[in-house]
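Labels A, B, C, D, E and F are assigned to the chains in the order they are written; within every chain, residues are numbered from 1.
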Amino acid sequence: MSDASDRLTRALSLLERLEPGAPERVQGNLNAFHQDAAELVLGYAFADIVGRDGIDLKTREMLTVAMLAAMGTAQGQLEFHMRAAMNTGVSREEIVEIVLQASVYAGVPASMNAITAAKKAFEAVEKSGP
Amino acid sequence: MSDASDRLTRALSLLERLEPGAPERVQGNLNAFHQDAAELVLGYAFADIVGRDGIDLKTREMLTVAMLAAMGTAQGQLEFHMRAAMNTGVSREEIVEIVLQASVYAGVPASMNAITAAKKAFEAVEKSGP
Amino acid sequence: MSDASDRLTRALSLLERLEPGAPERVQGNLNAFHQDAAELVLGYAFADIVGRDGIDLKTREMLTVAMLAAMGTAQGQLEFHMRAAMNTGVSREEIVEIVLQASVYAGVPASMNAITAAKKAFEAVEKSGP
Amino acid sequence: MSDASDRLTRALSLLERLEPGAPERVQGNLNAFHQDAAELVLGYAFADIVGRDGIDLKTREMLTVAMLAAMGTAQGQLEFHMRAAMNTGVSREEIVEIVLQASVYAGVPASMNAITAAKKAFEAVEKSGP
Amino acid sequence: MSDASDRLTRALSLLERLEPGAPERVQGNLNAFHQDAAELVLGYAFADIVGRDGIDLKTREMLTVAMLAAMGTAQGQLEFHMRAAMNTGVSREEIVEIVLQASVYAGVPASMNAITAAKKAFEAVEKSGP
Amino acid sequence: MSDASDRLTRALSLLERLEPGAPERVQGNLNAFHQDAAELVLGYAFADIVGRDGIDLKTREMLTVAMLAAMGTAQGQLEFHMRAAMNTGVSREEIVEIVLQASVYAGVPASMNAITAAKKAFEAVEKSGP
């Protein structure tokens, strides 16, 4: 197995923990753009960085939600990572707190956008629940 | 005690936990700007939001560092909250991981700026150490 | 009446001036997210800050439109505050000028997005007109 | 011919090179907002700046795509300038490379949003192709 | 007089109202960069847009301060426009209110940075006072 | 040679082309932060992405300057990449044009900050010249 495909395999394995079924969808989306995109982008994000030790995956997803809510430029990915956060053990209450905290550091509009994302993520997780 | 002064008292008490001695400096800075600024801004940030239950203070500071590193517009406050993170139990290793994670979600330049802030924060905490 | 509910009452009263009927909708939206969200977020935004003396409400709404147009991350809220601006006495001509000024300080794409928001806001105010 | 109308004429002529048919649509959109908007905004963007010598139009469109992808606040205009880039000689492969490069400087979410825009732009150019 | 030099003349005349002595400094700075920079950039900013009727100069400077405080990426220019605001009739109290309002729409760190800028602007205007 | 060290070697080799002597300084800076930082961050930026075929290095540096100027949050890195652009064949005139183009897409303040960076980069390259 080449190292590039190994990096991709590790990235997809972490992505599966974030949301079961996501690897197929995300990899398909990236492959339709360019054959190297999945390996490069997912490889860096998930195999190189998010998969590192030092912070557990649950806390990492809280940090990702915090960053995306503060930046305010990737609403779809904020929703995805709110679902991923819940899939890795973050409670709804914790997501509420992150969203409220975003109002302090990024302003009320960033927080309101994150509330919209959270409502959709809460609903999606409910539907897919046991 | 009026409610406004109670809110400020709770905010300053939390700020003292973030960095011993900070309340005097920050309150002085804000009072020199406007008499209501400390109560309003610190009151909202620390008494209303960051002081809430639901997420412990250590994790909240990790989230704040994540938000400020991702936004990239408040280098001084990023340094402050990296020191505050260490003062509330965040390890250097965890700060390193947050900074590396910022390169994924906000880009390499945001991460490089956060490395500069982290180095200063590490040095400051070392100097003030026991 | 507790102080928290008093703060919320004052916030909702200002929100009613920004757009008649908005308090019910916005409060409902926030309550569905978390029971404290309306009091905290609206309380800070409208009772603590925007409701202050020192700048009249019409000018405050012009400033809010300017900030949201420049940031470019909250299109829905930009539309809302353009309607609110008109509801508090800002003319269409003044909104046009703010939008053009945004092209200088935040760039042409920010201004183009604000034009899209303004057209929707102009239409909405027309429909709800006397 | 007055100077203002001359500036607008030159701007619309460049816009026609970016996307055949765009001048009517964009000018109509801006005129419906304010009679001066097309001359001011398009005049500055295209006659004053983008129409300057010193960098050829193909490279300028690559730069515009880079800026819009990095900022992440104008998805519709990013799509437009990806189509315009292709209309002025930028290859799909070059757009792919700009989008991947955006992941380094602005983060993976900015790059993912640009991938979404690129797919739409690729499809639109295909449909309108010979 | 050519139209370009007329546009520059009108821009510099407005700039002189914003801060006496600024035209020489700013034009010198831009000319040292490129011979067309002053005419293009100042011409667009001040002659084409900020010099328009429809909003008085005092209110326009309040809007500029609001935009720059919200964006948080141009601290030096925020200071300049706070001084310019005071030079065109904006009171210190009004600047305080804009800065506090920025905490709602752009977050507390943006507001804290604006407080730093305001303190410098207040001091500078005091020194140059009658 | 392990793959990680190979990736780092390729990244440092590209960095040497951007600015002779930079690899030692940048690697030292990153190593002082964390032993993996140089390999991860430089490896992704320069070996994985910027070192790819499809766009030549000169054009890539123009794109990087465009992105950093538009984002406005990494002034030091903007200066570095302006020097790197000149080291890879970008002319001063082309940098001037990118900076002026940034005023259209990111606003005049972003452009003014880029002018400040360009002046320093021009001076630095002059000093180190033959």
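What we mean here is this: contacts are C-beta pairs under 8 Å (C-beta built on N, C-alpha and C of every residue); 3 or more make two chains touch, one makes a residue touch a chain.
All figures in this text were calculated on a predicted structure; none of them were measured in a lab.
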Shared chain contacts [subunit B and subunit C, defined touch]: A, D, E, F
Cα superposition of subunit B on its sequence copy subunit F - rotation in ° rounded to nearest 5: 120
Candidate from B-C, B-F or C-F with the same interface as A-D, over half of contact pairs in common: B-F
Fraction-based call for subunit D against subunit C, same above half, different below: different
Whole-Å gap separating subunit E and subunit F, where each centre is the average of the chain's CA atoms: 30
Rounded Å distance between subunit A and subunit E, as computed from the means of their C-alpha atoms: 40
For subunit D paired with subunit F, centre-to-centre distance based on mean C-alpha positions, whole Å: 24
Touching two or more other chains - residue numbers and ranges from subunit E: 40, 44-45, 49, 68, 71, 73, 96, 100, 103-110
Touch-based graph of the chains, sorted into line, ring, star, complete or other: complete
Residue ranges of subunit D touching subunit E (in the complex, touch as defined): 3, 40, 44, 48-49
In the complex, subunit A residues that touch subunit D: 29-30, 32-34, 36-37, 40-41, 44-45, 68, 71, 73-74, 77
Subunit C-facing residues of subunit A, complex: 71-73, 96, 99-100, 103, 108-113, 115, 118-119
Residues of subunit C touching subunit F in the complex: 103-110
Interfacial residue positions of subunit F with respect to subunit D in the complex: 44-45, 49-50, 52, 54-55, 59-60, 62-64, 66-71, 93-94, 96-98, 100-106
